[in-house]
Amino acid sequence: MLVTPDISSLKYTIDKGVKYFELAAEPVNQEILPGVFIKGWGYNGSIPGPTIKVYPGDYVNIRVYNHLPEATSIHWHGLNVPNVMDGVPDVEPSPRIEPGHFFDYHFRITNPPGTHMYHSHVNVARQDMLGLLGGFVILDPHEVTINKDYLLLMQEWSLVGLEKGKKVEPGNYNLNPFSMDFNMFTINGKSFPYTTPMPVEYDDIVRLRFGAIQINHHPMHLHGHQFCLEKSDGNPIIPSNSLLKNTVLVASGETWDVLFKANNPGIWPIHCHISHHVSNNFTDGTGGMFTTLVYE
Amino acid sequence: MLVTPDISSLKYTIDKGVKYFELAAEPVNQEILPGVFIKGWGYNGSIPGPTIKVYPGDYVNIRVYNHLPEATSIHWHGLNVPNVMDGVPDVEPSPRIEPGHFFDYHFRITNPPGTHMYHSHVNVARQDMLGLLGGFVILDPHEVTINKDYLLLMQEWSLVGLEKGKKVEPGNYNLNPFSMDFNMFTINGKSFPYTTPMPVEYDDIVRLRFGAIQINHHPMHLHGHQFCLEKSDGNPIIPSNSLLKNTVLVASGETWDVLFKANNPGIWPIHCHISHHVSNNFTDGTGGMFTTLVYE
Amino acid sequence: MLVTPDISSLKYTIDKGVKYFELAAEPVNQEILPGVFIKGWGYNGSIPGPTIKVYPGDYVNIRVYNHLPEATSIHWHGLNVPNVMDGVPDVEPSPRIEPGHFFDYHFRITNPPGTHMYHSHVNVARQDMLGLLGGFVILDPHEVTINKDYLLLMQEWSLVGLEKGKKVEPGNYNLNPFSMDFNMFTINGKSFPYTTPMPVEYDDIVRLRFGAIQINHHPMHLHGHQFCLEKSDGNPIIPSNSLLKNTVLVASGETWDVLFKANNPGIWPIHCHISHHVSNNFTDGTGGMFTTLVYE
């Protein structure tokens, strides 16, 4: 069963064969370390927003409410949807959602099983850097071989008012969406050691799904194991097993699904390998875009 | 037929079986948005320079005039040429072209059909960041299956005197080639919405050829379709169809050719997925390294 | 025979079937250009540290002395080692090595032949950016087809007190490990033209092994030849010859081994293709992460 550590899955109702989802784009105070909140924008109270899970062939209707002070939209990144549902207003014939309004995105899932993302496509340089994004996974109804399945979305942030190398004190921090000088780094909205470890059991087949959507490209490194690159951007890599690696570069806009067998007991780090991305505000110790796999 | 939107193809003459091309390295005021000019360096009046098209086995002579205030050269990036023709003065036995002089680069095309680039290899940190580069495509004389074929070269710029987040007023802007803090982003020398849309027809087989040469790595994302990675650095990827993606990371120095079938009518964005690279000077709205595919 | 230009191989002794190595983490004044020293941290007097060479199945014991003013550790990046030997203190059950102490990392080599790295995993954002890393290569005892075999480790530095675009005067420079504004770039601890050229002979089969461990991703470009991607992160790419390229993006934490036939005589550059990374402090001329292949 797919789990997005620290992030919920989006509930839905079914009516006449259509799955109905609801997302509210809104200001979110996301707690990235205990007592440390970023004043960002997210969906349904979290950054990233809740993970949407569907099956191939599903008919979906996703109602997106805009509780932001400006227009927004959602682009279903990687999905083959009709132009009007693709969520790039002014360029495509897809609407802006004005503040206080909503829009029903509705389409059929025609992609194969795989990992995708959703994010705003209005004022991207600002809205995406404030956090308007989430995971969109097409599950495989026939899958039997995967014992653990985790989705990890990486984000980088520029918190206003931090002095480099100094401890990050609890508080509510504004974000500078235009800065390229990032000081905090999260996986599913948490910085280490506040990320939730991922349990595995010996002999499990484990899938990790990585996604990035903002500015930086994150080379995700797993300790103690080699993994097979199974899919990228929601599409299978053929032949499977062609590339065995322990570090995969996840560029902005990409997803990579990797598989490995849990055959080396312990507590194993999974982290971005960029030196600064595994610290909190350049302080000593381990932080940032870092989580662990824990054998039970 | 290969088209480089917003950029011309370089004309040539044939004499005794040799194709003769001429390039002039020179200061260029490139209009990246209406009335917004960057004072860069390019070839034959444009940045990037005109696209060179040849066939496998061609004998070519490319006369490069230097109308710049300092020495320059051209490196035929990706081509297997003799050392003396490779264009890295002082390191290789390949000459510097002094101001007011020219040099005849002449070689035979021994690479297979594919996408390459040319650029200065003198004072690279400055000359390349001022714009001295262009596309070099080896066409396939036997190709029949491609209906549309587009070359897109991505560049990032640091315009002097812009205040982040403020509208870019018309004017002539100096470039800071040493800055890593880029504020404008172009495809084939234009920022959106000044990029020229690329027409396709339903059922077309479309090739996009991406290239980058400067500082940043650009993950190019296509909406509404998945594409197959056909070639990289001018070489075929075997087996073909092994990687189907919707976002391809184009690192500095790389080319990636991708193929897809036009089977989803509409107006579809193609853009770098780095949030800041799809804005003009961090302003709201869509800009920068962004263009569209338009079904006719 | 594997050569790491400008870097020594780590000697060992054998006792009862175990190979004993010794590394001392310590302050190092590394000469990156003639008379230009960086005050970094390395192993056994060099940055990167000496290259460790082993064979599959080897039992190894690597004693790591800490001559630094703070605790450290070594992570054997890419190797499948037991959790307690993996070198991530506080997260894994692997010890911190306090100043003045040592720890014996001991494990069996269970990975196949390929290229790996080692580096500190304590205060990574600072210790790795000061230089605590090296190469770890598992040699193939049955290999017969490779005539030349070179390991190249790329690093980026922020020297304190340099004015951009000005010549780098001889001296001892402090490093700012928290800066993202790098001004000097090295391969195996040297900046061009201080890098040692790599000799090849016509018809040689040449392997280049690239590795990066710090902040930037380096697209390494070879002139005059196309190379085959043989391995990544120490694992074979299957099918071999599936990707022929002339530029390979080496992300932080990745290794890439490439193969080519020396069939084009001359002096050929191999360099990072990021424009600023082939200059010394943004000055004119060629510098930085640049070396050459020289036909003899």
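The letters A, B and C name the chains in turn, as written, and every chain counts its residues from 1.
The working rule: contacts are C-beta pairs under 8 Å (C-beta built on N, C-alpha and C of every residue); 3 or more make two chains touch, one makes a residue touch a chain.
Composition by chain, UniProt nomenclature: A, B, C = Copper oxidase.
Quick caveat, the model's predicted, so the values are computed rather than measured.
Think of subunit B turning onto subunit C: fitted on CA atoms, that turn is 120 degrees, to the nearest 5.
Interface note: subunit A and subunit B, two copies of one sequence, contact each other through mostly non-matching residue numbers (shared numbers fall below half of all numbers used).
One simple way to say how far apart two chains are is to compare their mean CA positions; for subunit A and subunit B this gives 32 Å.
Residues of subunit A in contact with at least two other chains: 217, 239, 242, 249. Interface residues of subunit C facing subunit A in the complex, by the touch rule stated above, are 75, 77-78, 80-84, 86, 88, 90-93, 111, 121, 123-126, 128-129, 178, 180, 213-215, 217, 232-239, 242, 249, 251-254. The residues of subunit A lying in touch with subunit C in their complex are 164-165, 181, 217, 219, 221, 223-226, 239, 241-247, 249, 264-269, 273-276, 278-279, 282-286, 292.
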